[in-house]
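So that you can tell them apart, the chains are marked A, B, C and D in the order they are listed, and the count of residues begins at 1 in each.
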Amino acid sequence: MDEPVLRVRGITKRFPGVLANDHIDLELRRGEVLAMLGENGAGKSTLMNIIYGLYTQDEGEIYINGRQVEIRNPEDAIRCGIGMVHQHFMLVPVLTVAENLMLGMEHVRGYFFLDKERTIREIEALSKQYGLEVDPRATVEDLPVGAQQRAEIIKVLYRGAEILILDEPTAVLTPQEADDLFMVVRSLTEQGKSIIFITHKLREVMEIADRIVVLRGGKLVGTTTPAETSRAELANMMVGREVLLQVEKEPAAPGEMVLAVRDLRVLDDREHPAVNGVTLEVRAGEVLGVAGVQGNGQRELVEALTGLRKVTGGQVQLLGHDTTHAAPRQVIEIGTAHVPEDRHKHGLVLAYPVEDDLVLCTYYLPPFTRSFNLQPYAIETNAVNLVDAFDIRTPTVATPASSLSGGNQQKVIVAREFSRNVKLLIAAQPTRGIDVGSIEFIHKNIIAQRDAGVAVLLVSAELDEIMALSDRIAVIYKGEIIDTVPAETATREQLGLLMAGVHEAEAGD
Amino acid sequence: MTTETDASRGAESKLGLFSRRVFISILSIVLSLVIGGAIIALSGGDPIDGYLGLWRGAFGKEKAVVETIVKTTPFIFAGLAVAVGFRGGLFNIGVEGQLFVGSICALIAGYAVELPPGIHAAFALLMGALGGAVWAAIPGYLKARTGAHEVITTIMTNYIALRVINWSISQNGPLRLPGSALPETRRVLDSARLPSLTDTTPPLHIGVVIVIVAVFFVYWLLWRTPLGFEIRTVGLNPSAARYAGIKVERTIVLTMVISGALAGLGGAVQVLGLLGYFTTGFNVGLGFDSIAVAMLGSNHPFGVAAGALLFGVMDAGMKTMQLRTQVPRDIVVIIQGLILLFVAAPLLIQPLFRLRQVGEGEQVSISATWGGEG
Amino acid sequence: MNRVHRLFACTLLLALVLTLGGPALAQDECTVKIGLVTDVGRLNDQSFNESAWKGIQAAAEQLGLGEECYNYIETQDTADYIPNIELFIDEGYNVIITSGYLMTSATREAGLLYPDVYFIGTDQDQTTTVMVQLAGAAEETAVFVYDPIPNVAGLVFDESVAGFLAGALAGQMTESNVIAGVYGTDIVPPVPRFGMGYEQGAKYVNPDVEVKAAYHPGTPDVAFVDAQWGSETAQTMLNEGADVIFAAGGTTGNGGLIAGCTAGYPVIGVDFDQYYTVTEVQSCIITSATKDLVNGVRDLILAVADDTFVGGNVFGPAGLAPFHDWEEKIPDEVKAKVEEIKGMIAAGEIETCPVDDEKYGAACIMSGLGRGLPDAAMVMSDYCSACHDAERIETNVAQGLDWWTTTLETMMSQDGGPELTADDVKVILQYVHQ
Amino acid sequence: MLDANFFTALLSLSLVKATPLVLGAMSGILCERSGIINIGIEGMMLMSAFAGFLGAVFSDSLWVGVLVGVLTGAVMGAFLALLSIRYKVDQIIGGTVINLLAVGITSYFAVIIIDNQSLSGIGVLPIIQIPLLADIPVIGPILFRNQPITFMMLILVFVLHVALFYTPWGLRTRAVGEHPRAADTVGIRVNRMRYLDTTLGGMMAGLAGAFITLESVGSFESGVMTNGRGFIALAVMVSGNWRPINALIIAYIFGVSDALGVRLQLGDVNQLATLLIVAGLGMLIGGALWALTKYLGRRDENKVPVTQIALAVAGLVMVLAPAIVEIPETNIPFQFLGLPPYILTIIIVAGLVGNVRPPAAEGKVYEKQ
C-alpha cells in the first residue's frame, strides 16, 4: 500500500471553554471512503474546517501524500487538492451555478471579461463524467436542494480536488436522493478520489463506508470497519453510554378532538405552493409525529397553524374555534404552545435578559401586568421559579439569552411554552443542534405534557425522534400527508419509502 | 454544578453594564475636548481661553444658565423622539420636520381659539404633539405597509414640511402676520403662552418642567408598560414579536406616532414658551444633532437628557467662546462628531485606556437592511 | 499598540502641552466698542453681513481702535437676536450694528430698552406698525408710520435706482433682447427693489426687451447661500436665449454670475463692486449695482465718535460701479444714455420703482422717500378742514399716535365720516407724529 | 412658450441635476454590494467638495481639484470601512458620524482658510461640445454638450454596470455582499474586498463632491452645499435595486422634476400644461421602454405586458391634452414647485421597495470563526 493520501497527527484546537479537538491522528488512503461518526458537538466539523483551512489548529501537523503542508486558508487547501462540501451550501443564491463555480478562479476573455461560455462547457463535461447532472445556467436559489448539492460537489471537483470532505450531506436529502449520492460517491472513488464522509446517521455508515472512525468529546475513540462492528456498538462509542433509544411511555389514551385540519393550502415565501391540501387531526393526550425531509412544507404548515403565515385554502378548527385566518395572539390565547423551528429567529429575543424572554408571550397578562403597568418583581420571581423547574444553566435571570448555550436557550423556550396551561403543543425540530442531556430532558417533558392531556403535534426531520415519541406518524411529502401509520408497527424502511413519496402498495418489491 | 440564582446578582450585572457605558461616554467627551483643543491650537486659537469662554457662555451668569437650559429643552424632546424610534428599530430622521409641524399646529391652536389661560396652553401643546404625531405616522404607515425604509421617507417629509411651512409664512401665505413685511406669523394669544419663571430673554418657560416630565414618561412607557415591551421587542427582533402575537405593523406605526408626538411637543413648547410666534430660521438644524444626542445617551431617556445638556451647553457657550477667542463656532460641531465617534466605537479608545474587552451587549446596533422586512 | 493607537496617543500629548501654555486675555481701553450681530447665516456671505463688517473695520482704522474694540457674533437662531445684542451690551459694547432687514424689530426693541447704546441697522426702515380699522374693511389693516428712535439709525438705500441704471445698461447691451435676473428671496425688500429697478430700466431704454426673473424659493437663511440654485437657474435662462445676467443675492447670486461668465455672457454684480470680490468673473462683469453699505456704516460709527449721531432713516448712495475691463467694449452712446438717465432720476423725472406692481409693489414704498403717497397738506385740507377749523387741528397734533389712531377710527366708523384709504391714514399719522 | 428650445433646456438641466445623484447612488452601490451600508454619502460629498475646492484654488488647476476631491472621497470611504470592519461600529451610526464630522470640519476650516484669507474660486470646468453629435436637434445638446464630470458620470454608469456583472472583480464583490462565507471558502479575502469596494465607493462620492464645487457652483459654501442630495442618492440606489443603469434612469426622473420646479418659476409658461406634458412624456417613454424589456424578457410567455402599455397610453393622452382642451393659467407658489422630487421619492420608494432586494449580508460584520 503506498503513502496515505492524507494523514493528520496530534491535531488540537481549543475554543473559549471547550476543547474541540484533542490530539487527533487520522489517515485516509487513495480511493477509500472514510466515514467519520460523532455526536453534534463532538468536534467533527472543527477537525474538517482545520483540514480545509477555515480554522488553524493550535497543535499538530497535516501530511498530503507523505509531505507535510501548511494550510492557513481555503486557498492552500484547494492547492493541496482538498475540497469540502459543506452542510449549509457555500453557494451564493442569487448567482448562477456557473458563476458560483468559477468564483475565485475565473476564466478571463479579453483582459478582464468573464469567460462564462468556457466555464459552462467545462461544467457539462464534469457532470457527465461523474453522473452529476445540473443546469449550469440556472440561478442557485431556483434549484431543488438535491441539485444544489450536486452543484456544490461539481464546484469542488471543478477545482481539481482529489480529497473530498462531505459534511453531513444526507441531512437535506430524501432516502432516494441519499442512495443516488452513494452511487456518485462510489463512482468518484472508482476514479481515484478519496472521500471523508461526516455523519451522525448509523445506517448510512454501515452502507457506504470502507472504514469508520468515531469521535466523542473532541477525541478519536475508535477505528473500525462496517464488517467488524454493529450499529448498537457504534451508537455506544458515539455517546459513551447506553443510549436510551426508546422513551418509556404508556400507550396513549386519545381524548376529545383538539386540532382538526381540512384540506389546508399554504404558499411559501416565493409564492409557490408549499402545503397542497393537508388533512390531519390531533386528539388530547396524543402525540402526532409529522415525519418528512426538510423543505416538504412542514415549516409552512406549522406557521399556518400558528397564524404566522397566510392560509390560501382549507380550514383549521382548534377546540371548536375556526382559526384558519386567526392572528398569532388569538391562537395562543385559545391555548396553544409553540416551540418554533428557528429558536434564534422566532423563539427568543437574544438581547433580552432571560426573565423577559420567559414572559415573551404572556407579558400583557396578570400577574405580569396590572393596570397598564409591568410588574418587574412578578416577572423576576416567575423567571427564578422556571429556571429551577426546567434546570436552565444561567448565571442570573438578568443575563442576556445570547450568552446561554444552545441547549439552555431551547430549555428557556420549553420552560416558557410548557409552563402555560395549554391544550395543544406544536413542537418543530425541538432538539436540533443541542447536547444529548437537553434532548432527553425535552423528550421527557413532551411525553409529560401528553400524559397531562395535551395534544402534541411533533414536526421533526430526525426519524429516530419521531419514532421514539409519536403515537401516530403522518408522513409529509411535497406538501401532502401521503399516509398516517400507528407508531408501534411503523418500520424505518416503510417510513423511508413514504418520505420519498412511494406508497406501500406501489412498492411491491 | 449548582448555580445560585438569586435576584441580587442579576441587578448587579445590570448596574455593571450601565456604569461601564457611562464611563465610556465621559471618556469620549474628555478625549474629544482634548482633540478639539489641539485643532484650535493648530489653527491659531487659544484652547484654554476658548473652553473658558464656552464655560462662561453656558454657566457664567444667571442669564447664561437660563439660556443653556432653554437651549437644552428642544434637544431633549428631539433626542427622546429619536431614542424611542431607535428602541422600536426605526431610524426617525424626520424629527426636524415633525418639530416644525408641531410648532405650526400649536401656533394655530394658540391664536385661532379662545380658551381660559391654563387650559388654552395645554390645548395648544396637545395640538402640537398631535401635529408631530400625524406627520410621523405617514412614514410609519409606509414602513409597516410597504416596507419603505424610514431613513428615506422621513428625510423627504422633512423637506416637504419645511417647504410648505415656508410658503405658509411667505408674502401672501395664510399664517402671515397681516401687513407685516417680515416673514413672521400672527402672535399666539397670551392665554396660550407658557408662563415664564424668570423675566430674562430668553424666558425660562415652564416648558423645562414639561420636558423633565416627558423624560420620566418615556422611561415609564418603555420599561414599565406592555406597549413599551412590545415596542422594544419589535425593535430587537420583529419575527419573535410576530411569534409572540404582537401586531408588528401596528407597533411600528405607534412607535412613529409616539416619536412624532414628542418632537411635536418640543416644537409647541418652543413657540408657546419662547417666541410666541413662528418665523424662518427658528430651531434650524435640530434634526441631525438630535440623532447624535440619542446615540450619546444610548437611547435611554436619562442618557438622552444628559447628552442634550451637553449639546445645550455647547450651543449656548459657543457664542461667547467665539466672542472671546475668534475660534469659529464650528469647532463645537467637530467635538460633537468626535464624541459620537468614540461612544459608537469603544474599541477605538479601549486600548488607550486598558478597558476590559467590550462585550457584545454594549455595541449600539440598529443596522436593519434596506429593503422590505428581512 | 498598533499604528492607529500610537497616532491617538501623540495627538493627546500634543494637545496637553499646548493647552497649558495659552496666554491670558488682555483688557484695555477703547474709545468706542463696536459689536456686529449678523443675521442667521455666515459672516462672510459676500453680501450685507460682510459689508457691515468691512464698514466697522474701516471706522476702527480711522479711529485707531485695537482689535479687541470690535467683534462679531453670528446669529444661529432668530430667537437669539435680542440675547446676542444683550451679550454685547453686558460686555460693555456701546455701538451695536445689526445687519439685515430681518432684524428691524429686534434692533428697535433693543434701542428702546437701552437708550444710552447706539444702534445701526443696515437695510432697516425705521417705522412702527399701527393697526387701523378702516371704514368698511373686514380686518384691521397695518399702516407703517415713520417713527425714528433717537439712538437707532436705519441705513437704507433706494436700490431701485441702482437696479434701474443696471437695467438701462443691460437693455442696451443685449443682442437677443432677452435679459435675466437671478435673485435671493423676495421676502427681503431690498432684493425686489433691485429687481423692479432692473426691469423698469431695461424697458425704459428697450421697450420690447424680455426680462426673465427668478427668486430663490427657500427661507432667507438658505436663499442667500445656495450657489448651486443660482448657477442652475442662470444656466436655464441662458439656454432660453438670455445674454445678460444680473445677479443679486449673496453667494446665490455669485453662482449665477459664475454660470453666466462660464457660458461667455456679460454679467452684472450687486451691493459692492464685485469685480474685486468675485475675481473669477472679472473678464465678463460689466458693472455692479452698488449700494455703499461699507462707507455708510463707517460714517455712522464716526458720527457716534464725534457725537453727531442722529436717529431715523439715513439714505446711503446707490449707483453703478465702474466698467473695469469693459470700459472700451461698452459703446460711448450707451454710457452717455446711462449718464443722462442718472441725471433724470436725480431730478425726479423717472419713477424707478412702480408702487402699483401687484407682486412686488409693496417693496417700493419707503417711508423716507414718500414715494407713491399723497401729499400731507392736501389730504389734511380735503378731509379734516371740512368739519374742523385749522387751529383746533394744530392743538391736537401733540396728542401722539395712539390718540390720533383712535379718533380717526371713530370718525371713520360714523356714517358720513371721511372715506380714508390706508395711505391717507399713513400720511396723516406721519404728519402728526413728526 | 413650449417649444423644442424649452424642452432641450429643461432636459439638459435635468441631466446636470441628476449627475450628483447618480454618482452618489453609485457610491452607495459599490459600498453596499460588498456588504457595507453607507449612509455617509452626504458627508463624503461635502468633504470632497471642500477639499476639491481648496485643491483647485491652491494648485490653480480645476483638474487637480477634482483629483483631490476624489482622493478625499477615497480616504472617507476607507475610514467608513475601518470603522465598520476593524472597530465593528454599527454602520448606520458610522455613516451618521461621517456626516456630522464632515459638516463640522468643512464649516470650521472654511472660515479659517477660505474666509480669513478671502480666497475666491477659479471658476468652473468648461462646457465641452462634441462636434458632430451635439448638433442633433433635441438629443444633441442634452447628451453631447455638457461639462466633463457629467460626461464622466455617464461613462462610469456603463463601466460600473459591465464591471459588476461581467468581470471577476464584479462577481467577487457581489459574492462578498450576498454570502461572505461562501466567498471565504473559495479563497476570497472578504474584508480586503470590502475595504477596496468601500474606498472605490468613497471615490464616487468624491467625484460627486467635486462636481458640486468645481463644475456646478465654483465656490464653497459651508453647511448647506449638498443639502440632502446624499440621502436622495440613497433613495435612488434603493429604488434602482442596486443597479447602476436603473439608478441613472431614476435619478434622471428626479432631475426632471427638480429642473421643472426651477423652470416653471420663471412664470412665462402655462404651469399646469407644462406639468401635464412633461409627466405625460415621462410616462409615455417609461411605459414603452418597460413594456419592451418585459416583452423581450419573456419571449415564450405570450402574456401581453398590459400595465406597461396602459401607462404609455395614459402618458400619450396627457401629452396631447393641452393641445385639445384649454388648460387654465395658474400661479402655483414657487415653494410648491420645489416639492415634486421629494414626493416622487416617497412614492417610488414605497411603491418599488416591495420588490427590491438588498445584498443579503449587508450591515453584518464578517467573523472568521
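Going forward, contacts are C-beta pairs under 8 Å (C-beta built on N, C-alpha and C of every residue); 3 or more make two chains touch, one makes a residue touch a chain.
Keep in mind it's a predicted model, so treat the numbers as computed, not measured.
K.L.:
Trace the shortest chain of touching neighbours from chain A to chain C and give its length in steps.
P.N.:
When the steps are counted carefully, the minimum from chain A to chain C is 2.
K.L.:
If I average the CA coordinates per chain, which chain comes out farthest from chain C?
P.N.:
Farthest by centroid: A.
K.L.:
Chain pair with the most contact pairs?
P.N.:
B-D
K.L.:
Just curious, how far off is chain D from chain C if you go by their C-alpha centres, in Å?
P.N.:
That gives a centre separation of 38 Å.
K.L.:
Compute the distance, rounded to whole Å, between the mean C-alpha positions of chain A and chain B.
P.N.:
Centres of chain A and chain B (C-alpha means) sit 47 Å apart.
K.L.:
Could you please state the distance in Å, as a whole number, between where the Cα atoms of chain B are centred and where those of chain C are centred?
P.N.:
36
K.L.:
Could you work out how far the Cα centre of chain B sits from that of chain D, in whole Å?
P.N.:
Measuring from centre to centre gives 30 Å for this pair.
K.L.:
By the touch rule stated above, which residues of chain A touch at least two different other chains?
P.N.:
none
K.L.:
At least two partner chains per residue is the criterion; list those residues in chain C.
P.N.:
Residue numbers touching two or more other chains: 217.
K.L.:
Can you list every residue of chain B that touches 2 or more other chains, as numbers and ranges?
P.N.:
Those would be 163, 166, 170, 348.
K.L.:
Could you run through all the chain pairs that touch each other?
P.N.:
A-B, A-D, B-C, B-D, C-D
K.L.:
Quick check: in the complex, which residue numbers of chain B touch chain D?
P.N.:
My answer: residues 39, 43-44, 91, 93, 142, 145-149, 151-153, 155-157, 159-160, 163-164, 166-167, 170, 173, 288, 291-292, 295, 328, 330-338, 340-341, 344-345, 347-348, 363-372.
K.L.:
Chain B touches which residues of chain C in the complex?
P.N.:
Against chain B, chain C makes touches at 1, 4-5, 8-9, 11-12, 14-16, 18-20, 22-25, 40, 71, 73-74, 76-80, 82-84, 86-87, 90-91, 101-102, 104-105, 129, 131, 139-144, 186-187, 189, 217-221, 362.
K.L.:
Report the residues of chain B in contact with chain A in the complex, numbered from low to high.
P.N.:
3, 5-7, 9-11, 13-14, 223-226, 228-229, 233, 236-237, 239-240, 242-247, 360-361
K.L.:
Would you mind writing out the residues of chain D in touch with chain C in their complex?
P.N.:
Its residues touching chain C are 5-6, 8-10, 12-13, 16-17, 111, 114-115, 118, 120-124, 126-127, 212, 216-219, 221-225, 227, 259, 261-263, 265-266, 268, 334-335, 337-338.
K.L.:
Can you name the residues of chain A that touch chain D in the complex?
P.N.:
15, 52, 54-55, 73-75, 78, 84, 86, 89-95, 99-100, 102-106, 108, 112-114, 159
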